[in-house]
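Order of writing sets the chain letters: A, B, C and D. Residues in each chain are counted from 1.
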Amino acid sequence: MRREVPIVVTFVSGILFLLDYFIKIPYVSENVVGQFLDWAIIVAAFALILGAANIFRIHIYKIVKGKKEWWNSLILLVAMLVMAVVPIIWTQQNAVYTFLFKNIFENLNGTMFALLAFYIASAAYRAFRVRTKEAAVLLVSAVVVMLGATPIGAKIWSGFPEYSGWLQTIFTTAGMRGIMIGASLGAIVTALRTIFGIDRSYFGGQ
Amino acid sequence: METVGIWIGALCTLAIFSFLLRENPFFRTAEHLFIGLAAGLGIFYGYQTIVSNAWTPLFNPDPGEARKWFLIVPLVLGVLLYTRFLKKGKWISRIPLGFLVGVGSALAIRGVIGASFMSQIVATMELPLWHTMAKFKIDAILFILGVIGTLIYFFFSREQKGPLKVGASIGKWVMMLAFGAAFGNTVMARMSLLVGRIYFLLGEWLHIL
Amino acid sequence: MKLLEILQNIDRRIIYLILALSIILPLLFPIGFPVDITQNTQDVYDLVDKLPAGSVVLLSYDWDAASAPELLPQAEALTRHILDKKLKLVAIALWNQGATFADRVHNTVAPEVGAVYGEDYVNLGYRPGQAVVLNSLARDIHATFPEDVARTKTASIPMMKDIRSIEDIDLVISLSAGDPGLRTYIEQIGAQYPVTITGGVTAVSVPGMLPYLQSGDLVGLLAGMSGAAEYENLIDRPGLGLGGMDAQSISHLVIIAFILIGNIAYLAGGRKKK
Amino acid sequence: MLEEIFVVNRLVLFGITVAIAVIMLIAIRRAKKGKKYFIRRIAGLEAIDEAVGRATEMGRPVHFSPGIASLSEETAAQTLAGLAVLGYVARLTAKYDTDLIVTNRMAEVLPITEEVVRQSYLSEGKPENYNPDNIIFLSDEQFAYAAGCMGIMSREKVAANIMMGAFWAESLIFAEGGFVAGSIQVAGTANTHQLPFFLAACDYCLIGEELFAAGAYLSQDPMQVASIRVQDIGKVAAVLLIIVGTIASTCNWPVIIDFLAKFAS
C-alpha cells in the first residue's frame, strides 16, 4: 500500500498526460486533462509553501535550542512572516510590501550575484590558465566573443563582431545542439523511468 | 521614506559586498534576511494561488458562475503534502507528490521530444553541405561535423578508437569553442549585475551619477 | 623578472578595486561608444513593429531581482514599444518576483504613453507549476489566472473578455533568466501551437538558445544588457541599458587584461610540471 | 482513420517515445538479470587517479565535494553520480592511506556521504582508517558553504580538489580557491553554464553526461547502466538520421524532410 499507491498515482497521471499529446482520447482529452492541469497548479501552490514550512521548522529549532547565532534565525522568521502576511492582507501593490521588496530584497539578491563579477576578475587573473590545449582554445574563443559583444571591440578591430558572430553561429550552435540532443535523450529516459516507477529518487530515495 | 529605503538598501548591499574581504557576521545576517524574505514571498504566492484558483471558485463563486466541486480534490491533495512532517503517515505525502511528478515528467517528455530533440535533428539535416551560414562556404560542413562530433563524444558504449576517436576529438574542440563563447557571455552577464549595483550605490544612494 | 614577480602577486583586493574602477569611471565619465544593432535584436523589434494595432502580446516575466540589471531595461523598452503601438499587453510571470517587476514597469511606462490598465494592459501575476501553467493557460487563461494581481476578477477586466486562450494571442515574448522561461515556452507552447515565440534572456543563457534560433523554433532574441541597449536605440529612448554599455566595454577589457597578465606570468615563469 | 485516433503531425514523435520506453524497459530488465552492458572508462577517472596519487606523494589531503544539490530535485541524478565517484575516490585514499576531506552543503546528503566513505574503507580492509570527523557539514547556505570550503582548502593545504555533482555560481569560488591552494583539480558537472569556469581553472573536467557515465561505470547500478545504453542507441539513431538527411538535402531529395514535416512537427 505505502509503496504501491504513490507509484500508481505517478504512473496514471504520467501516462495520461503523455498519451494525451499523441492520441485523441474521447472525452478525456477535452475535459479531464484540463481539469488535471488546474489541479496541478493548486498542488504546486501547496508545495511552494512546503519549502517555507521546512525553513520554518529548521530555524524554530535553532531559536528554541539557542544555537549559535540564533538571532539570525529570528530575523529570518520575522522577515518571512512580514513578507508573507502583508501582501496576503493588502495585495502585492501595498506600500509596505513594495518597500521591503525594492529596498531590501532586491538589493540583497542583486548584490549576491554581483559578487560573482569580482570573483570572475580574480579567477581571470589567478586561475584561468592555458594549462592545456583545450583551455587555450576556450580562452581565445572567450576573448573574441567578449570583444565582439562590447562596443569597444568593434573600435579596436572591425573583425571582432564579425568573427565573434561567425564563431557563435557555427560552433556554439553546433556544440550546444549536440549537447542538447544528448541531454534531451537523458531527460526523456529519466522521465520515463519516473513514470514507470523504476526510479524513485523523487520520493527521497525510498 | 524613500531616503530611508535607499539607505537601508545601501546597507544591505554593503553587507553582502563585505563577503569579498572575508566571511563575517554582517554577511550572515544579510543572508538570513534574504532567505526569510524569499520564503515569505513563497508563502504569499502559494496562498494567493490557493485562494484564487481553488478556494474562491469552490466556496465563493461569483453569482452566475457554477460552483466547481471537483476542486476539493487538489485542496485535499495539497494538504496531504504536509503529512511528511508526521512520523507515521509520512508515506501519504508521496501521493500528491506522485501526482505532481507524474504530470511534470510527462510534460517534460512532451516538451523535449519535439523542440529540443526532433526539431534540432531536422534543422541540422535540412542544411545542404555547401552552404554559407554566416561567413564561409564551408560553414555548413563545419556545423554538421560539429553536431555529429559532439554526439559521438558522449557515446559511451564503445572504446574511443578509430573513427569514433576522430569524431569525439572534433566534438571536443567544437565544445571548447562553444564553452569559450559561453564564458564570454557569462562575463558580460556578471558585469551587468555589477553595473546595476554601482548605479544604485553611486546614483540613487550617493547622487554622484 | 622583477616586474613579472610583482605581476604574479597582485593582492586580491587590488584586483577587486581595479574592476570596480573600470565600471565606476565610465559611468562617471561616459565615453559614448556607438552601439550596433545585431540581427537578433532587429528581428524582435520587427516582430512587435509589424503587428497591427489591437493585436495581443503576452509578455512573461521569468526572472528575479538578481537579473534585473539585464532584463528590467529589456522589459521597459519592449513594454514602451508595445503600448506605443496600441497593442494589447498581457503580463504574466513564471518566477514569483516577476509579478512585482511587471507592476513596476507598468507604473513607469503606462503614464508616459497614456495606456489604461484593464483596457491596454493587464498584470495577471504569478502561478506556480512551470510547464503546467503554460499548458493550462494555452487552454484557458481565465481558469489559470482567475484574478489579476490586484485581485480583480479576470473575467471582469474589459480587455480580457476576448482573450481566453492561446488562440487569441498573436505574439509571445518571454524575458527569462533560466528555467522555467523562454525554453519552457518554446517546448510547451511553440511545439504545440502556431503562435510565434520570441524573447530576451540574460547573457548567460544566450548560448543555450542559439540552437533554437537556428532551427526556427525561436524568432529573434535580446541578449542581456547589450540587447536592451540596442532595443532602446531602435525605439529611440536611451535608458539604463545604453548607459551601462561603456562600463561593459571597459570592464571586459580589464578582464581580458587579467587573463593575459596571469598567463604571461604563468608561461614566462615556467609551467609547473603536471 | 488515422486522423480520428492520432495527432497525425506527432506520429513519429509518438513512435520514438514508445521505442525509447520499450528499449529502456528491456535493457533494465536484462541488466537486473545480470547482463553486463559495456560502458567505456571515462578519461577523467585517470585524472582522479593521478590527483590522488600526487596528494599521496606530497602527504597532503584530498578534498571532495558532491555538489550543492539535494536528493529531491531534478539535479538529484548529478548528486548520485557524484556520490558514486566519491566511493571510487575513497577507495583510492583508503588504499594509499591518504586523508580525505568531504564537505557537504545538504544536511540530507551528509549521512549518505558518511556511509559511502565508510563502506569504501571497509572494502579496502581499512575500517580503522575511516575518520568520521573528516566528513563535514559546513552550511546549508550556498555562499557560506563556498566560503567554508575555501577556508578548508587553504588551511589544510589540499593537494587534490575533486568536485563532482551539481554546481551553480559557487563553482567559480571553488575553482579559484583550489587553484590558489595549489591543488590538482578535477571537476565534473552537468550544469552546462558552469562548465566554462571549471574547464578554464581545473586540470581535468567531466563534461555533462560524462559525469553520469562515470557514475554508472563505477556503481554498475543496472538502472543507470541500462539508461546510458538506451541513450547511446538514441544518439546513434540521431547521427544516422543527420547523415542520411544531409545527403538527401544536398542531392535535393526532399522525401525525408517532407515526411518529417508531416509526421513530426
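Here, a residue touches a chain if its C-beta (ideal position, glycine included) is under 8 Å from a C-beta of that chain, and two chains touch if they have at least 3 such contacts.
Just so it is clear, the model here is predicted, and its values are computed rather than measured.
Novice: So if I look at the partners of subunit C and the partners of subunit D, which chains show up in both lists?
Specialist: Expected: A, B.
Novice: Going by the touch criterion at the top, tell me which pair is linked by more C-beta contacts: A-D or A-B.
Specialist: Between A-B and A-D, contacts are more numerous in A-B.
Novice: Among the chains, which is located farthest from subunit C on the basis of C-alpha centroids?
Specialist: Result for the farthest chain: D.
Novice: Please compute the C-alpha centroid of subunit A, do the same for subunit D, then give the distance between them in whole Å.
Specialist: Each chain reduced to its C-alpha mean, subunit A and subunit D end up 19 Å apart.
Novice: At what distance in angstrom does the C-alpha mean of subunit B lie from that of subunit A?
Specialist: About 3 Å, centre to centre.
Novice: At what distance in angstrom does the C-alpha mean of subunit C lie from that of subunit A?
Specialist: Subunit A and subunit C have C-alpha centres separated by 16 Å.
Novice: Using the touch rule from the top of the page, what residues of subunit B touch 2 or more other chains?
Specialist: In subunit B, the residues touching two or more other chains are 19-20, 28, 31, 35, 41-42, 45-46, 48-49, 53, 103, 107-110, 112-114, 116-117, 119-122, 124, 144, 147-148, 151, 153-154, 175-176, 178-183, 185-188, 191, 193-194, 196-197.
Novice: When you check subunit C against every other chain, which residues touch at least two of them?
Specialist: Correct list: 16, 19-20, 66-69, 97, 99, 125, 127-128, 130, 132, 135, 143-144, 151, 203-204, 207-208, 211, 214, 223, 226, 248, 251-252, 255.
Novice: Could you list which residues of subunit D touch at least two other chains?
Specialist: Subunit D, residues with two or more chain partners: 10, 13, 17, 143, 192-193, 196-197, 199-200, 203, 208-209, 235, 238.
Novice: Mind listing the subunit C positions that touch subunit B in their complex?
Specialist: Checking each residue of subunit C against subunit B gives 13, 16, 19-20, 23-24, 27-28, 66-70, 96-97, 99, 125-128, 130-132, 135, 143-147, 151, 153, 155, 183-184, 186-188, 190-192, 202-204, 206-207, 211-212, 214-217, 223-226, 240, 243-244, 247-248, 251-252, 255.
Novice: Once bound in the complex, which stretches of subunit B touch subunit C?
Specialist: Counting only subunit B, the residues touching subunit C are 20-21, 41-42, 45-46, 48-49, 52-53, 56-57, 62, 103-104, 107-108, 110-112, 114-116, 119-120, 122-123, 178, 181-182, 185-189, 191-199, 202, 208-209.
Novice: Flag every residue of subunit D that touches subunit A in the complex, lowest number first.
Specialist: 4-7, 10-11, 13-14, 17, 20-21, 24-25, 28, 71-72, 76-77, 80, 108, 143, 169, 172-173, 175-176, 179-180, 190, 192, 196-197, 199-201, 203, 208-209, 212, 223, 227, 230-231, 234-235, 238
Novice: Show which residues of subunit B lie in contact with subunit D when the two form their complex.
Specialist: 19, 23, 27-28, 31, 35, 109, 113-114, 117-119, 121-122, 124-130, 144, 147-148, 151-160, 175-176, 179-180, 182-183, 186
Novice: Considering the complex alone, what residue numbers of subunit A touch subunit D?
Specialist: Listed in rising order, the residues of subunit A that touch subunit D are 18, 21-24, 112-113, 115-116, 119-120, 122-123, 126-129, 131-132, 134-135, 138-139, 142, 179, 181-183, 185-186, 188-190, 192-193, 196, 198-199, 201-202, 204-205.
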